[in-house]
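Per-chain residue numbering starts at 1, and chain names A, B, C, D, E and F are given in the order in which the chains are listed.
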Amino acid sequence: MSRVDGRKFDELRPVKFTKNYTKHAQGSVLVEMGETKVICTAMVEERVPHFLKNSGKGWVTAEYSMLPSSTNTRKIRESSRGKIEGRTQEIQRLIGRALRSVIDLEALGERTIWIDCDVIQADGGTRTASITGAFIALVEAINSVKEAKKITYIPIKNYVSAISVGIVNDQPVLDLCYEEDSKAMVDMNIVMTDMKEFIEVQGTGEEAPFSRDSLMELLRLGEEGNAQLIALQKEVLGSLAEEIGKNDKDVTGEK
Amino acid sequence: MSRVDGRKFDELRPVKFTKNYTKHAQGSVLVEMGETKVICTAMVEERVPHFLKNSGKGWVTAEYSMLPSSTNTRKIRESSRGKIEGRTQEIQRLIGRALRSVIDLEALGERTIWIDCDVIQADGGTRTASITGAFIALVEAINSVKEAKKITYIPIKNYVSAISVGIVNDQPVLDLCYEEDSKAMVDMNIVMTDMKEFIEVQGTGEEAPFSRDSLMELLRLGEEGNAQLIALQKEVLGSLAEEIGKNDKDVTGEK
Amino acid sequence: MSRVDGRKFDELRPVKFTKNYTKHAQGSVLVEMGETKVICTAMVEERVPHFLKNSGKGWVTAEYSMLPSSTNTRKIRESSRGKIEGRTQEIQRLIGRALRSVIDLEALGERTIWIDCDVIQADGGTRTASITGAFIALVEAINSVKEAKKITYIPIKNYVSAISVGIVNDQPVLDLCYEEDSKAMVDMNIVMTDMKEFIEVQGTGEEAPFSRDSLMELLRLGEEGNAQLIALQKEVLGSLAEEIGKNDKDVTGEK
Amino acid sequence: MSRVDGRKFDELRPVKFTKNYTKHAQGSVLVEMGETKVICTAMVEERVPHFLKNSGKGWVTAEYSMLPSSTNTRKIRESSRGKIEGRTQEIQRLIGRALRSVIDLEALGERTIWIDCDVIQADGGTRTASITGAFIALVEAINSVKEAKKITYIPIKNYVSAISVGIVNDQPVLDLCYEEDSKAMVDMNIVMTDMKEFIEVQGTGEEAPFSRDSLMELLRLGEEGNAQLIALQKEVLGSLAEEIGKNDKDVTGEK
Amino acid sequence: MSRVDGRKFDELRPVKFTKNYTKHAQGSVLVEMGETKVICTAMVEERVPHFLKNSGKGWVTAEYSMLPSSTNTRKIRESSRGKIEGRTQEIQRLIGRALRSVIDLEALGERTIWIDCDVIQADGGTRTASITGAFIALVEAINSVKEAKKITYIPIKNYVSAISVGIVNDQPVLDLCYEEDSKAMVDMNIVMTDMKEFIEVQGTGEEAPFSRDSLMELLRLGEEGNAQLIALQKEVLGSLAEEIGKNDKDVTGEK
Amino acid sequence: MSRVDGRKFDELRPVKFTKNYTKHAQGSVLVEMGETKVICTAMVEERVPHFLKNSGKGWVTAEYSMLPSSTNTRKIRESSRGKIEGRTQEIQRLIGRALRSVIDLEALGERTIWIDCDVIQADGGTRTASITGAFIALVEAINSVKEAKKITYIPIKNYVSAISVGIVNDQPVLDLCYEEDSKAMVDMNIVMTDMKEFIEVQGTGEEAPFSRDSLMELLRLGEEGNAQLIALQKEVLGSLAEEIGKNDKDVTGEK
């Protein structure tokens, strides 16, 4: 038995990153995972939130939104509702945590990187695509700070990417599209680094609880998927790829 | 003395319409006016607002938003603010009025067309680009209703397009980019039909009042610009172009 | 064919200004245009909004509201709704722009003039009546600043007034009452100075597009109406009338 | 020692009711208590709130607001704040309770009377003036229902009026103006009927607790003040005055 | 005829104070009046609201809320509604006023005491129980400030307690439970000091007006009830009881 | 090296359930995990949300809140803020999912169970304590429906409990108190059934990514903790314990 779009169980959808998608943000990437399309941007603001004033530390914060026309049935704007849904808040908190986990906020200095992930077409996996794409935008934005000579290196310790896994028709699968997601028994999002370590594991079995064995298999799929995504991130970053993981000593030549 | 981007005073920026830009909306167009880029979509909902229930009439309503990264300095989301700015409300009311003025709402029947204009990159003239692009999306969406055999023809009476004009350095100019707009003494938006009639004229001289002669010259520029835009709309609509302006009698063969 | 209230097509309704209508505001005027009655007040606050701090410039801002009992069917309070309608926002932005366009904000100094227009009885033309009445209140309020010796002259460059025009039953008419307004094909608000220049022209043909010839006729009616209103403003201002249009040199005697 | 405005301790300020102050509401009264001026209107809506549907009973509800220019320092609009202050809510609940206490809601039938009290000039005692004035507007509005033959008599059982009393400089006084109110040790609002019975007694000694004897004296002043107000209400109501207190039997002639 | 729970007309329900109910607040009391249970806490914050900055004075403010499960029918959270009900605002303003009336805010110094009254089970009289319980928490919290040597004595001038009285079946009664409250003709809350003086008297006869004689009898019941409550407060405060009413001179030994 | 409170690494804090804690809710439990105290209630409403009308299915929904005094520094009420924080929304969505995952919503019938978890004292692990306590309240509430003869058995398929685990000072530990939680490198919440299956696994390594081995150890601790909690749930449920996991056939005797 195969998947709705003919993929193998452990196969990602086609992934595409378009850098410099728009011109105002210092980092701007259109990420496509199959038919899911998200504009991820990173903008630098030379100040920090109130709770970090005079701390010497920077901040990374993320917002996420879906265009009304991004879903099959028109999605009411949260600005019209006058409030932000719980789901949206969960997602933007997740994106923010994921990116902050790989950045050295002290080395960034007192500035804020605003990440915006705006879904223009949704077909499952928008939050994981957002993380994976936002990482590229983040690197580009921080590189612009470096190019402006305000920092001497890019203080990002690790790559970070994310992918969804789940159990559909009793079968663990990688990178669920919307049709699969809507009938999954178990749904899990896995955020990882290039060191094969976990940053976030969020698995839910609302439709049915899941065993430890299933969990192990889902983790394995997630590890494979993230490894592939990070390879693609490196490719699209080009010469910037080797800047990730450097630290102060690499730059100053100290030992 | 020439314009910041070398254009002639009565010259439009390059205009581009990309149809079927996303897949869920029945009409979906990316409109580009120079560096201004707006996703305009039209989605059909088979019901009407409360005040039109059982009236036999349909409705067209519009929403407008700018992505946070669409502007030079990041724009705070209206969903985060918890309220919609006055400027946004003015624009979405304008777009809705413009489109409703050319559609026969009775012939549309009891359904709503939701227009969404989401600016992904702003460089002046986003509201007029929204109207011009949304018209294409509207035609596509209503055509989908016709193709579903729910109506027998496209009940759109006229083309509608919009363009900005203004006085910059004492010189009336057509289609202001952001840099021009920010130093204009007079700013005017002109919405017109293919019959060379006006649907909306909104001119403001906050920086300096303007004479009747200036107003005449601005109207003339607007007429020229809109005529060019409507020619481009016809081109991009292809075979649908000739469906505009038909009425019930054209379809039934009655006289 | 005559108008519903027997007026000629180019005839204003009876206009009345009652100065010093209430006691707390430095400027307070009840303006009546026929049965439309608006309390226009101007209050001086000795500080400016955040974006003007230390700029040396002052500010004029306006708010507009309708009492629930001002309309035929009770109007729900915007404070009860918890948000301000788009229409209200458009109107208060319009009033603010109109008044700012004739004042020298640098000469005003770092203070804010708060304009409040509260409609106690509505019969069409409330936004234009608000502008016309608010101008008187503004002059009175700024005069109080002058009398307090904080400024040496009234830094208002021009008179400003506003009137509505429209096309009713194919006939262009001046100063529409509610009954005319509700069946108008075209509706236009025209804000002008005593120099016969335009500050704002807002025309809408939602019911039907309008030709350039109609537009010309509407502008002509608006010019006539505004000239009469400005004559009445001068009369009611009495000795203050001649203070308008003075500048620094008139006061200091410099050349 | 006399009062700031020369009144005797048990003397009301000049009271004036202007009926038919505006034209759209069925009842519309400008009430003036000295320099306090409130527009009180009553509008009839032919339906009831959800919780009274099909109960056969009517409803009376009240809203209260102060114009921004009604106070010495401009008062921020509650619509701009986006929420209604606690003080406003207390006052509108008080007005509603006071009026509902004298009306036979079953005899009114399934309709709502909307009371709006809009303060155009405040000088102390706005909530009590609102109640006293709103009563007149209520009678007028209900009379319009009777004149429309929807009810056969005015189902109001008693007159209701309200007045403030307080202790200023250790002296109990009647009908405090703003200057007195702002330095009162004890502040009390007393709502009464023409039967010399109490509907509401609200006394607060935030600045200093008060003895039973003081309370007795304040109640006595309040009784006197309300008796005078009710006499004035009867006068202004003219021939309608004798309709208050009638019941079904008076109308049908049954015994 | 006796009361629903067999009490005498002038009999309080069993009263119980549990001090140190939770650990984080400096003062924390569970107050029980029959089946009504309220957690009253007082927390000290070493700063004051904006309007008291640099005034040398402190502040006491109160918030009140009911758990959704505290009432027979689940009560919707005000956080879910997005706004605070008028009733809640009235109650928290009342609690704040009552407590501020007995405290010397200058002697407290520039700090705020936050009072929180959270009803975990409601059976009538929650606002009066809140005041009575919050007083204990307030004393405990201020004592913690004294123990921290930031002040030299407890600047509370008087005890304060509150009780409800009302007329049920034409009979004045003390301390109404919910069942009595819901059928009361007259409902009154009386806040008093240990000097038998009134801080707040709030009586409402929405169902029926009440005579001066009834008012006298209700006041008498309230005086008795409050005297008993204050005796209980003294008991539970133990050795702190004698600290109330002291002033600066008691501490310094000055005369 | 031992834990701040002397516990072993895999040791729960003392757990206590107090049933029938308040009287209005059908299920009401005070759950204590060490110094963390949460009132968990379940109330039955005989109708379902809009999206389930006429579906034959019931619903379980949860709300979570912290009293302002539950934390060391006073927590601002979400009703005062006017909006619900992202953290709160995440938690109440988690509680709702966890409970819905073990209930047969069709067998419950068209009724809603409202779960309220109100934290009165917080010392870490409030969300997991909420789930564990809410399960007891849920069983009690559904049993009340059964006792009212509206359903024939308790349609709960499994027990559900939750516990936090984390890595503190490089040591995986069970059931973190606040002090541990605030310095944990990795924090994970694990929701499980009595079948040793997972309902939800949420692990976050914002401070540091974690390896697969660490994840395995955390899962093992979570399994042990949840097994102990479920044993305690069974004990406190008494005779109701054996009703869990029954199904329709058990009741009807069918095979």
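One rule holds in what follows: a residue touches a chain if its C-beta (ideal position, glycine included) is under 8 Å from a C-beta of that chain, and two chains touch if they have at least 3 such contacts.
Please read all numbers here as calculations on a predicted model, not as lab measurements.
Asks: Would you mind naming the chains that touch subunit B and likewise touch subunit C?
Replies: Both subunit B and subunit C are touched by no common chain, going by the contact rule given at the top.
Asks: From subunit B, what is the lowest number of touch steps before subunit F is reached?
Replies: The least step count works out to 2.
Asks: Which chains make contact with subunit C and with subunit F at once?
Replies: Chains touching both subunit C and subunit F: none.
Asks: Interface overlap for subunit A and subunit B, more than half of numbers shared or less than half: same or different?
Replies: Mostly the same residues form this interface, as more than half of the numbers used are common to both chains.
Asks: Please flag the chain sitting at the greatest distance from subunit B, going by CA centroids.
Replies: Result for max centroid distance from subunit B is chain E.
Asks: Please name the chain that ends up farthest from subunit C once chain centres are defined by their CA atoms averaged.
Replies: F
Asks: Quote the value, from 0 to 180 degrees and to the nearest 5, of the angle by which the CA atoms of subunit C must be rotated to coincide with those of subunit D.
Replies: Angle of rotation between the two copies: 180 degrees.
Asks: At what distance in angstrom does the C-alpha mean of subunit E lie from that of subunit D?
Replies: Centre separation, subunit D to subunit E: 29 Å.
Asks: Using mean C-alpha positions as chain centres, tell me how far subunit A is from subunit D in Å, no decimals.
Replies: So the centroids are 61 Å from each other.
Asks: Return the distance between the CA-based centres of subunit E and subunit F, expressed in whole Å.
Replies: 34
Asks: Between subunit B and subunit D, what distance separates the C-alpha centroids? Give it in angstrom.
Replies: It comes to 52 Å between the two C-alpha centres.
Asks: In subunit B, what residues contact two or more other chains?
Replies: Correct list: 82-84.
Asks: Could you walk the ring starting from subunit E, turning first toward subunit F, and list the chains encountered?
Replies: Beginning with subunit E, then subunit F, the ring reads E, F, A, B, C, D.
Asks: If you look only at subunit E, which of its residues touch subunit D in the complex?
Replies: 83-87, 89-90, 92-93, 97, 100-101, 158, 188, 192-193, 195-212, 215, 219, 223
Asks: Give the list of subunit E residues in touch with subunit F in this complex.
Replies: Listed in rising order, the residues of subunit E that touch subunit F are 22-25, 28, 35, 37, 39, 41, 43, 45, 63, 65, 67-72, 74, 77-84, 114, 116, 118, 120-122.
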